[in-house]
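Heads up, there are several structures right after this.
After this come two complexes, each holding chain A, first together with chain B and then together with chain C.
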Partner chain A sequence: MSHVDPSAPLEGKPTKESERNLKRESRTQLVSFIFMIFITSTAFLTVASDIVPTGFAIPFILLLASIQVIMQLYVFMHMNHGSRWINVMMWAGLFVAAMTVAALMILIGVTKY
Partner chain B sequence: MANEAIQPNVLPQNPEKATLEGRNKYLGFWFFLGGETVLFASLFGTYLGLRNSYDGGPGPQDLFHLDLVFIMTMLLLTSSLTSVFAVINMKKGNFKKMLTWMWGTVILGLGFLGFEIYEFVVYYDQGLGYTVSAFASSFYTLVGTHGAHVTFGIAWIITLLIRYRKTGLTLANAPKFNTAVLYWHFIDVVWVFIFTVVYLLGVGG
Partner chain C sequence: MSNSTAASKKSVLYDWLTTVDHKKIGIMYFFGGLFFFTIAGIEAMLMRIQLMFPEMGFVGEQTFNELLTMHGTTMLFLAAMPLFFAFMNFVVPLQIGARDVAFPFINSLGLWLFIFGGIILNISWMTGGGPDAGWTAYTPLSTTSGGHGVDYYVMGLQVAGAGTLMSAINFLVTIVNMRAPGMSMMRMPLFTWTTFVTSMLILFAFPALTIGLLLIMLDRIFGGAFFDVALGGNVVIYQHLFWIFGHPEVYILILPAFGIFSEVIPTFAKKRLFGYTAMVFATMIIGFLGFMVWAHHMFTVGMGPVANAIFAVATMAIAVPTGIKIFNWLLTLWGGRIKFTTANLFALAFIPSFVLGGVTGVQLAMSAADYQFHDTYFVVAHFHYVIIGGSVLGIFSATFYWWPKMFGYRLSETLGKWFFWLFLIGFHLTFFVQHFLGLMGMPRRVGSYLDGQGLNEMNFISSMGAFLMGFAFILLVINVLVSRKNTDNVQDPWDGRTLEWATTSPVQEYNFAQTPLVRDLDAFWYEKMEGDGRMKAAEPLDDIHMPNGSILPIFISLGFSILAFGVIYSQWWLMIVGGVFMFSMMFIRSIKEDHGYHIPVSEIKKEKGEG
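Entry: the complex of A and B
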């Protein structure tokens, strides 16, 4: 393995295969983006219009937010293409985050200041 | 893939992960993001616990305007897409196009930040000072911490764009751009929860 100067500009061209993959990738990303716009608009419309009852609206928009976050992590941020430690760390973070939110809500939400 | 030799006439498939340093940065940055998740969770939990404690001050239904929040959400979501295209162009070897997409991200981010500052000024004029109520403090702390992240992200990306405006893509700067883009996506992830939990639940719940 020859040593490459890390500050030298990379002049090489991508292989045909990776060009093809990148083209497909652009399309996937664009479609996901349109889908996320759709989800976001649905969430706003759910709250802005008075048609949807509140009891249904709250879990519904929380579900939409979760879908969008999962899409951000796995499509935009490519969490499935990285090391498995990335997944371990992020899901551990989300797990602790859920505990933190639940604990704080219960602990300080009871007494009103 | 890990020990793939770098050939001069072929662009590495993932220039940001072609060196050990790049791979370490990538892994380390995800560890950082895991920690950031918990930081924001503590602010979300505090806000959710205190969001009904107005103490005579204005509450969410007096303040929040969904149209403004919708525009901000769209700006941030689109800026996430432009940074995705920046990384795709990096992998294609189009360094100039990558820089252009990154400038697009910066401009959209500045637009978002402008709206947020405007929003805070309007709330302040309506009587929502930081110490008015527990709701006010927890709201400003949560949304303000996110705004501080946006500010830092913009400064970070602008620094990279100026520093590397003429160098072309290298094995040293590819990981730096990629890390900044990951940070930017994470800001968008946090905003998804803010607009849902703070604004939509504040108005509708």
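Entry: the complex of A and C
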């Protein structure tokens, strides 16, 4: 009886289509990588330079950080491959957690509504 | 590839201690849960004896506080949840046509963490008194409570909670990845669906509890000041953290019961479940709304009128999906050929009992009225109506329904019906009058009351009902013992609809010799009606790959427990010993290669009787 070992290296040549896909993916990864270096240095410059006021710098780098995280998840960690449940759970969890934290911050504030 | 042969003659005890088989783990969850259910039930009896007459001196006030704390904590974390986990573990892989859960080792670890957590909590009785700050352990009461009781509460729940979280992740991965060919999400039985949503709730809710307990631990043992107002702490944050966990927790307790009734009612009404899609979406909506209503436990804390109003409205919204479910069950029964077996009696009794609890729930959701109800016996009556009328009736229904599959014999119906009626009457006798006690102003969690306030008669009735429930439970234990001879007709005794009834009874360790092909919702029923009454195979008969058992889960849990005791008594050396032991066991698990073993085709054929 033959048992397929999922961790065994693949044999034979890839098809034309998967070759095209691999090419496209490596291009996406390269572009994303350069873009991520760009936004990382932007974030650094925002904090390092005296021209940008702090009140703007903090929300701005938080925005850059979230872009960074989303790109990391989808481009490099392939979150949209395989089961869609990973997507559903992560975003549902984020949604619930964000609402909970926001409500909690309002509720325990000094001002009562 | 296989580096050991099939279960080479191990002793029975060692086999059970090391098993990673979801069915054996389910059975151990069942007996563990039943054991703690008994303990918590005895605690309830002691409280009812104390409250039987005004100013009784049966137990002291301190003991009463410990009893009420441990009754609540044990019932929720160590009885109700493990009993549901028992059925989830046993039934869900069978219902989706899988050979086991996705991570059998993690499953076993979850079980042993629960057992060790439960033992830690109950050891507190022997070391100077249990926790005494209520199952909610509100600060500053919990942070200033003397003795080590609350430390036991914190560490016991951390250990058990870690196991619960692991099991939930395991169920999620299992249900997403391991369904048999043809079983789309919308062909899953409702019990599998509710297990799925319950596991999501556990995954998102338990971290809040972990943090709450961690902060209490830091405050009590390591001199933190999170809840010390004099040092700028805020005690209300703990209440929020607790209920961000606590409200989803009550849905964690009721959703599996909803799933059980959605299996039992169609089976005994001989009809498919009315409104399957609506049932699935109602489950998800209840799960989501469960996270959005936590502050309704805190209306009197002083959050402000707008906040109270928002949470009141959100709470009332939950009545809508729950109502959808109730009507769907009623319409499933409508025109069905209803069989009044014990399992179905529990399901039928659930509907009116739970609606009563739901109605008082909406009453409590009205924040203005809640100022009157808060911390009275009205609340006690409400949550016992939903937890006993919902979860416990669900557990008993599932016990009678799945018993033949789990243990290979049928429970006696005669004794079962006696048990049902006595339990139901006892339950309503105990808690119905408590609504009125609450409206008359009797506060909850107080170990006595004065004579001449009109509380005597109803408290006496309530205690009598509690004894009746206790007596009924003894009938269940007797039933389990005397029914062992009913070994005929156990494979599919109820003419079942879902895949678990297509297996042999008791189930083979590999569940299905060939993975079944699912062609419709209620897969087995479809084959009975449209096919030849047997599941079609989705694969040729082949060797079956099985995981090896392991003793490591017990050792990891033991190490964690030693660590917990180190924290409870602030002994650094004990913490280090426990931690090192735990991590070295985990290290062994990580580096030791274990590919499991294969059951050869010849043996499978022999067990099928084709050898």
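Simple rule for what comes next: the second predicted complex is superposed on the first by the 82 of 113 C-alpha atoms of A that agree within 3 Å, B and C clash if a C-alpha of one lies under 4 Å from a C-alpha of the other, contacts with A are read in each partner's own complex, and residues count from 1 in each chain.
Keep in mind that, in the parts below, a residue touches a chain if its C-beta (ideal position, glycine included) is under 8 Å from a C-beta of that chain, and two chains touch if they have at least 3 such contacts.
The structure displayed is predicted, hence computed values, not measured ones.
Enquirer: Identify the partner contact of A:M89: answer first if only chain B is touched, second if only chain C is, both if each is, neither if none is.
Expert: both
Enquirer: Determine, under the contact definition given at the top, whether A:I108 touches first (chain B), second (chain C), both, or neither.
Expert: both
Enquirer: When both complexes are superposed, which of chain B and chain C contacts more residues belonging to chain A?
Expert: Counted on chain A, the partner with more touching residues turns out to be B.
Enquirer: Quick check for you: in the superposed arrangement, does A:T100 touch first (chain B), second (chain C), both or neither?
Expert: A:T100 sits against chain B and chain C alike.
Enquirer: So chain A touches chain B in one structure and chain C in the other; where do those two contact lists coincide?
Expert: Dual-contact residues (chain A): 1, 83, 85, 89, 92-93, 96-97, 100, 103-104, 106-108, 112-113.
Enquirer: Could you pull out which chain B residues touch chain A in their complex?
Expert: Its residues touching chain A are 3, 5-13, 15, 19, 21, 26-27, 30-31, 33-38, 40-42, 44-46, 48-50, 52-53, 55, 66, 69-70, 73-74, 77-78, 80-81, 84-85, 88, 91-93, 95, 134, 167-172, 174, 182, 185-186, 188-189, 192-193, 195-197, 200-201, 203-205.
Enquirer: Given the complex with chain C, which residues does chain A contribute to the contact?
Expert: 1, 3, 5, 83, 85, 89, 92-93, 96-97, 99-100, 103-104, 106-108, 112-113
Enquirer: Which residues of chain C touch chain A in the complex?
Expert: 1, 172, 176-177, 200, 203-204, 234, 236-237, 240, 244, 288, 291-292, 294-295, 302-307, 542-543, 545, 598, 601
Enquirer: Once bound in the complex, which stretches of chain A touch chain B?
Expert: Per the touch definition, chain A meets chain B at residues 1-2, 4, 6-15, 18-19, 22, 25-26, 29-30, 33, 36-37, 40-41, 43-44, 46-48, 54, 57-58, 61-62, 64-65, 68-69, 72-73, 76-77, 82-83, 85-86, 89-90, 92-94, 96-98, 100-109, 112-113.
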